[in-house]
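Take this structure, written in structure tokens, and hold onto it; I'll ask about it next.
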């Protein structure tokens, strides 16, 4: 029993990282009703920039974080221009496939830029183990959880208390009506991508510095984890992204403990598959699916 | 005043507006009537900057609006209450109203707050439902919200696209009373309607749009005296 | 003239064309599947097990592998009936990954001639010796691949002209309309899924015997996305479309040395650009129609 609870604790903390990634997917989906599958690779390239700074310039974790975020935003803009802005409004699947294609492109770019198998990433936090009762937690994971919570609060403030945040929510809710209000949908899309890239860069930084290394598999990994978490929670829902991330973390932690790495990954996909078939709206529910169907018909 | 001259708007190869003109005077209710597919909503969209006209011009008090973007046109003083209201369903009444004021500069914060209070005074049902999700409001309440939202832009001209659509007759009466009241308070209104009877009651000047061109313009009395229109749109026994 | 290197490329084009056609068929019915590699993989393993471990004749193994793949595809089609659009696509992705990961756990080995043969999880499945045991040359196997491909192409062209094919295309452009015509989309969606799975399966068994070594990693998402991309680039208007896409990637990009190591960068960028200007590919429905009209006029003149 202790094992299970310990796994859940680990899972929740790791799940907070997944939640951030899922937020990135869900924000973009909310605004554009499309999936950006290059999200993971763009974070990876951001992380590569960070590691480059780490290796060639400075030990400072702040600088590395900054470099990661800036590079992620730069790649995010490239993806936005090519895969989303340029493609017609109603071709949602085309954008998805296009972002997948750019994913392939970015992976190869990453391989060329940094050909080694793995690169060091600065540990942002000191590693100690904190014990409470029969359970323990690593300090870097706790820090990651706390920082994730902080980011969530900041995101909430942005979305609900600022004018650009209002515009983002308006466009997500009804792009047509937003146009009538004089909101420039293109600018909001750009803003969403920038915001999501910043979020992604930070998420990547937090995850990788807890891991202290970055590998070329990170892009694929981040995309899948974020995607699964988002869909588990409910595509397009912000609270869903958080719940989905946490759920994924807990399921994976337990699956790994009892079955190993392959079982862990298998469980994640199985959970996703079953969720999609039984309850495509995710934890949040069917309302999302119905809303999307209505939106599709309107188009 | 709003002057629309010889607008041609196309959807691909099809000409939806084949050179239509109208004038909306300040302080008046101008109404655009016509059957389905005549191009009424296209006209609204072209004026609002959502569609771009192929030729012709649109000016407001001498300022050229012809190829301006939608945000610019909202800023220049034209607000649209869209067909079917188009509220933001998952957002609160308060957020919907805030959306209407989106294009106004931050320096106008006090004025915006005043306008918000004004909208709540004008539409008490909205005041009670400030935080309610607008998708859960009734049809009439949503129409009030849509009008209030447009008013939040403090427009020079309020354009309304078929406000009676999909509403019960009692509610339609209420809405038109509101339109009349707004106009008495000095709001200039450009109205698009299929419901000719209600339109005749509130309008000062009417235009009939058929297949992309204006086939009649005149006062309500003139329209009622025209026999053809009587038969086609007002029914033989119109009042 | 046709040395082994060139033949290998040609046979690869042939086999990958099959999975491309599989994704294309589903695309035409309006379903975007990122998971055809699952059926490619299922058949690869099943067919290889049949010949290597059970000693079956090749043609039987081919049918067995492809049949199993088709069956699995039908099952997935059944499960995903109620979901569409992006949900469907992600579900196919999830399923394919589940298959790939399951293959990591698949260990089934038999002792043959003193050696352990058979799939062994992450270590893969080697010694698929059928072409060696039967003295088949590279040339002969390439001809076999293209024989199968030709049969499939003929089948698909006939399908295109048949009522079923027309219904498939109608499903793709307007599912609502199809239902309004009194046709139940369920039967047709599943039929399309089974046929597509079977075709992917043909490619899979052929692939296993050509490369003589398979491992789970091969049947990953990238393969699935490539299969989709081929149709999207070459064109969704005709069965030649996906073939053109495959030829561009494997034939052109893979073989030209300049692109060595940059193939994904070029191919990925190409797909993205194509999707902007030609969202249904080079030979999309409109262009095919135009070509046929021109050809008709030319022949009548």
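Observations, loosely collected:
Residue numbering begins at 1 within each chain, and the chains themselves are lettered A, B and C in the order written.
Following the convention adopted for this analysis, contacts are C-beta pairs under 8 Å (C-beta built on N, C-alpha and C of every residue); 3 or more make two chains touch, one makes a residue touch a chain.
The structure presented is a predicted model; accordingly, all values stated were derived computationally and were not measured.
Path length between chain B and chain C in the touching-chain graph (shortest route): 2. Chain nearest the geometric middle of the protein is A, using mean C-alpha positions. Distance from chain C peaks, on a Cα-centroid basis, for B.
Separating the centre of chain B from that of chain C, both taken as means of CA atoms, is a distance of 55 Å.
Each chain gets a centre from the mean of its Cα atoms; for chain A and chain C, those two points are 31 Å apart.
Mean C-alpha position of chain A lies 42 Å from that of chain B. The multi-chain contact residues of chain C, meaning those touching 2 or more other chains, do not exist; every residue touches at most one other chain. Against chain A, the residues of chain B that register as touching in their complex are 48, 50, 69-75, 80, 82, 86-91, 95, 98-100, 102-103, 106, 149, 153.
Residues 35, 82-83, 86-88, 91-98, 100-109, 112, 220, 224, 227-228, 231, 235, 262, 265-266, 269-270, 272-273, 276-277, 280, 289, 292, 296 of chain A are the ones that touch chain C when the two sit in their complex.
Residue ranges of chain C in contact with chain A, taken from their complex: 32, 34, 79-80, 82-83, 85-87, 89-91, 94-95, 97-98, 101-102, 104-105, 221-222, 225, 228-229, 232, 261-265, 267-273, 275-276, 279.
Looking at the complex, you find that chain A touches chain B at residues 163, 166-167, 169-170, 173-174, 176-184, 291.
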